[in-house]
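Each structure below appears as structure tokens.
Both of the next two complexes hold chain A, though its partner changes from chain B to chain C.
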Partner chain A sequence: MSTATTAQADERLLRQGYLRRLMGRPELGSVVGAAAVFLFFSFVADSFLQPSSLSTVLYASSTIGIMAVPVALLMIGGEFDLSTGVMVTSSALVSSMFSYQMTANVWVGIGVSLLITLAIGFFNGFMLTRTKLPSFIITLGTFLMLTGLNLGFTKLISGTVSTKTIGDMEGFDSARAVFASHLSIGDVDLQVTILWWFGLVALATWVLLRTRVGNWIFAVGGGSDAARAVGVPVNKTKIGLYMGVAFCAWISGQHLLMSYDVVQSGEGVGNEFLYIIAAVIGGCLMTGGYGSAIGSAVGAFIFGMTSKGIVYAQWNPDWFKFFLGAMLLLATLLNAWVRKRAEASK
Partner chain B sequence: MTALVELTDVSKFYGNIRALEGVSLEVHAGEITCVLGDNGAGKSTLIKIIAGLHQHDAGTFAIDGEEIRLGSPREALDRGIATVYQDLAVVPLMPVWRNFFLGSEPTKGAGPFKRLDVAKMRETTRAELLRMGIDLRDVDQPIGTLSGGERQCVAIARAVYFGAKVLVLDEPTAALGVKQSGVVLKYVAAARDAGLGVVLITHNPHHAYLVGDRFVLLKRGAMAGSHAKSEIALDELTRQMAGGSELDQLSHELARATSGEE
Partner chain C sequence: MARVRTGVRAVSAVLAAVLGATLAGCSSTGGKRAEERAAKASQGRANVDTPRWTFAMVTHSGDGDTFWDIVQNGAKQAAAKDNIKFLYAHDVEGNKQAQNVQAMIDQKVDGLIVTLAKPDAMKDVVAKAKKAGIPVITVNSGSDKSMEFGALTHIGQDETIAGEAVGEELNKRGRKKAVCVLHEQGNVGHEQRCAGVKKSFKGDLQNLYVEGTNMPNVQSSIEAKLQSDKDIDAVVTLGAPFAPTAVKAAQQAGSKAEVDTFDLNAKVADALQDGSLGFAVDQDPYLQGYEAVDLLWLYRYNRDMLGGGRPVLTGPQIITKDDAKTLAEYTKRGTR
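What follows is the complex of A and B.
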């Protein structure tokens, strides 16, 4: 029990305030890591600092980052989703094939794809809350089923492993403008996915820190029994998180489709780990209840810098996965260390 | 005066296991009813029924004289029954102010701009805790960094602030030292003086006797006794709680074992 007078307490708070607040942020480790990676590639790769290179790096970051945001929220909520990588492909396949087979307008397929992708997310969340099985198992099941469905349906309908082109269909140009266009600012060419990414990060940060739902997300991840006992709708929150993942998978899927005009049905396998890695590097705890959306963006940015930096440094890209793995270990160790320091300083 | 909560001959079975049978108790405003029992006596089952986590299989459960069957903890909360569990229902990694309002967060603004009233949440948390004598340096610190007694007090302050009429406390002093236990009991008494009915679950007859008005003893899922404070002395309460004659037997056996070795 604190017996210190208010004046003394305030004095202590002033002296420690800034440093402690900074140390307490979940993103800190990842920001330090991002600065290190940035400096590293600035030195070893001459072309890394050119505007065109940076826009390429940002684009690579955004394709991972769009999915890392909802995956981070889900991890704060204490759950995993291993089906995200193939869910993106499923979403693209649905809009492509539905548009091609059933209608004349691409937008109809995009709408149907949104509904179906959200339904997959709902299925994940519903199965999780109903069966109480670990999310690892549930979404591993979804991952395998979707992988099979992607290949099976595409072959059944198109006869090959890729979809038919929808490039000449009505609405394709407007859909491409929304999901896969470029913006030129000066001589820098920016992909529209970067806007989607920043928008999602801002929205997720607002939801997490300033709304009731955000409070519930932290609570269901940090202690779901406690949350349930004080009246938090735990099941609805978790199902909502899975549907958020599905929504972003839909955005990514449409980008995948619109960047070309066909989709390969075997794509996406393995990407689920990149999203989780970005979230973890960004400060999300594997056990839930702690993390941030901004952190996931920094994690995705580290991913983008590494994957493209290796190319600009003219190294063999085979080394990329090794760097990614080493980075994951380092980031997790750094996070654990920072958190221990932050808690000890209280 | 009708009791705030009244259980009559309540039973609960899990399959063929009798967790609770024929237990009666009443809680009045401004009074503390203590439920005493050893491990496995059925205290947790009883608390879960009152809190709305489980439903009773037989007997009646009345709130304000109205017989009901609670479907969820939310329903119990809406009827003014707040339960403070042993794990305190707090999320350790979350700041104190977020924990204080968890599940009942105040908001401002409308539509998509509806947001947490953060300033009010912080200010209220600080003020309510100060009222209970806890002067926090920083309501932003994770609640897991508070001491056990402080966390217990935050949980009680939260229940009182949200207008609980009945406060159910599950072993609030179980993991605490002597001094901290005293502080917590002081707040329990303060809640009673504020007009709340309190159900205090404990296996410590000394703590119970300090604050309790009536005592219900549980033993192996059944009621072993029910007394008003005027009817029973601490010694007798302790004796009954510890198993009475069983304890005599035990001390007898232990004495023999010791003398046998010598």
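What follows is the complex of A and C.
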């Protein structure tokens, strides 16, 4: 930007105060919300603050969070994906059934699954950029097709609705170590998914804030036409985002498979909304162009705390969905309020 | 100001009218009052002097499932008698159900009741509970895995045996061609039920998959099936809520097929009495909840265990018109 070199400093390059910069972060609202939820359950649930309980909460958060990261990036890029929930199941089914039917090393199945899951992601992105239809419709189609394929193929190949066990096959132990092991620290078990989750959040944050691709994602979400006009490869960025979602679906799917060594073909339906909820609580705008990966992690953490906190507080689980909905509304309102304040203070 | 006052007056007039209508139009039958009367008759009070233990139940139930309400009612009744604090959590997905079990273990409960609808997902947490010294009883589904996972016993119905009972009953009634309506694709227990029916039924049995969360869809699917094959003379639904729907479908399709069902509820009991349903096969969910809590108490108190290393069966019980009369009352108060 050549304007920056003029004698009068560009207002975009003015150094902002620390507090102001903090106020401008998209995830601030959700961090405040997370702290409130944490304090709340610390008081009402006796066993919430135990290390073992917190590791359970972190695990629950990580299973949502791993998917919330790419979903947040996608939403910053201005698109939705409704096929994420069942894509996780598809990915797990592919690696399980491929390994079993071909009597192949488990890692071969995992590799095949990666290729197929990425292909599904590519399909989503390609259809979107080619047809210009809303991503809601495209991925709704993928969602329904995958749900049918999951059940249809599993029954066709395995004869039942769940896959056969691959627990005694070669490569399973090392695969389990990567995707579903847990580290014992004292009497606390930390699931390896928590590490995957933190790793993905760090990676996504770096991409978003420090790379050219990150700029493209924000630009594409802010307005495709404007982005294209300044030379951003809009189609490639969107297809890439969908493939990122697919990659994380693959990680989640392998975790699902390696934890229990069989997969139920009907699972995953409805989870896509949890991922979107986590991203939205974390400050992503439904309209795109704004949000953060850290926010999605905070959103997932709020979700994990609420879902397990209700169990620790020994409440009637019938009310769970109500709390979730209320939390979503509150978080969004808080976000909107914080953002308005932040913009006003600039 | 005058306008406001008219508004207030209008609102109070309406309120008074509603109140008056409620008072004047009292129903002497049914309603909340009848329910409360029934509830009073079945209330329990702690009859033991053991310390107040905490038992938790974690199931694979979805939200707002009538069946699991009855299981909970049974468990709560036993908990009241045995001076137990009873906790409940549920999730349809295997890994989330496992997380809920873990959350209960974290709370150091004194006993655990779990369902093994997705046994592989539950294996590790059940082992963890055992390691933490928490006795585990499995209920409802998973009789074949219960012992292997180290549970004390299993309380429930063997789905295959229940299916076979239905097949035999259909034979007795001289049925030749039946449809088994599965309302949840992917539920292993449901597949076992239909397979059981197929095993003992001498006629021809077909499976029909319907979308259980969408009642109109269930009805139209059954209707279409009955219209396309006029020889079908029996429809077996796998859940009580779907039986009245199947009856409606049969009427719409002009089919003479007899509708029979797994499980029981108030509507099914009524339909059995008026003859629109042939029979129901019940697994007694109340007993599953009640016995699970009571057996855990017995184990804590006296190291007692029923079953001798085999599942304790609560069903199948074939319920026909004659039994339905007595049971109708119990179904209305939510214990059968």
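In this section, the second predicted complex is superposed on the first by the 330 of 346 C-alpha atoms of A that agree within 3 Å, B and C clash if a C-alpha of one lies under 4 Å from a C-alpha of the other, contacts with A are read in each partner's own complex, and residues count from 1 in each chain.
To be clear about the criterion, a residue touches a chain if its C-beta (ideal position, glycine included) is under 8 Å from a C-beta of that chain, and two chains touch if they have at least 3 such contacts.
Note that the coordinates shown come from a computational prediction; the quantities given were computed from them, not determined experimentally.
After overlaying the two complexes on the shared chain, residue contacts for A:Tyr59 are found with chain C alone; chain B is out of touch. Contact with chain C, but none with chain B, is seen for A:Gln50 once the two complexes are overlaid on the shared chain. Of the two partner chains placed by superposition, A:Thr131 touches none, neither chain B nor chain C. After overlaying the two complexes on the shared chain, residue contacts for A:Ser42 are found with neither chain B nor chain C.
Of the two partner chains placed around the shared chain by superposition, neither chain B nor chain C is touched by A:Ser174.
Applying the stated contact rule after C-alpha superposition, one finds that A:Gln101 touches neither chain B nor chain C. Put simply, chain A uses no single residue to touch chain B in one complex and chain C in the other. Those residues of chain B that touch chain A in the shared complex are 51, 53, 73-74, 77, 83, 85, 87-94, 98, 101-105, 107, 114-116, 118, 133-138, 140-142, 145, 147, 149-150, 180, 183. Looking at the complex, you find that chain A touches chain B at residues 1-2, 4, 6, 9, 12-13, 21, 24, 206, 210-212, 214-216, 218-219, 222-223, 225-232, 289-290, 343, 346. Contacts from chain A toward chain C in the complex involve residues 46-47, 50, 52-53, 56, 59-60, 63, 151, 160-162, 165, 256, 259-262, 264-268, 271, 307-308, 311-312, 314, 316-318, 321.
Contacts from chain C toward chain A in the complex involve residues 63-64, 87-90, 93-96, 99-100, 102-104, 106-108, 118, 120-121, 123-124, 184-188, 191.
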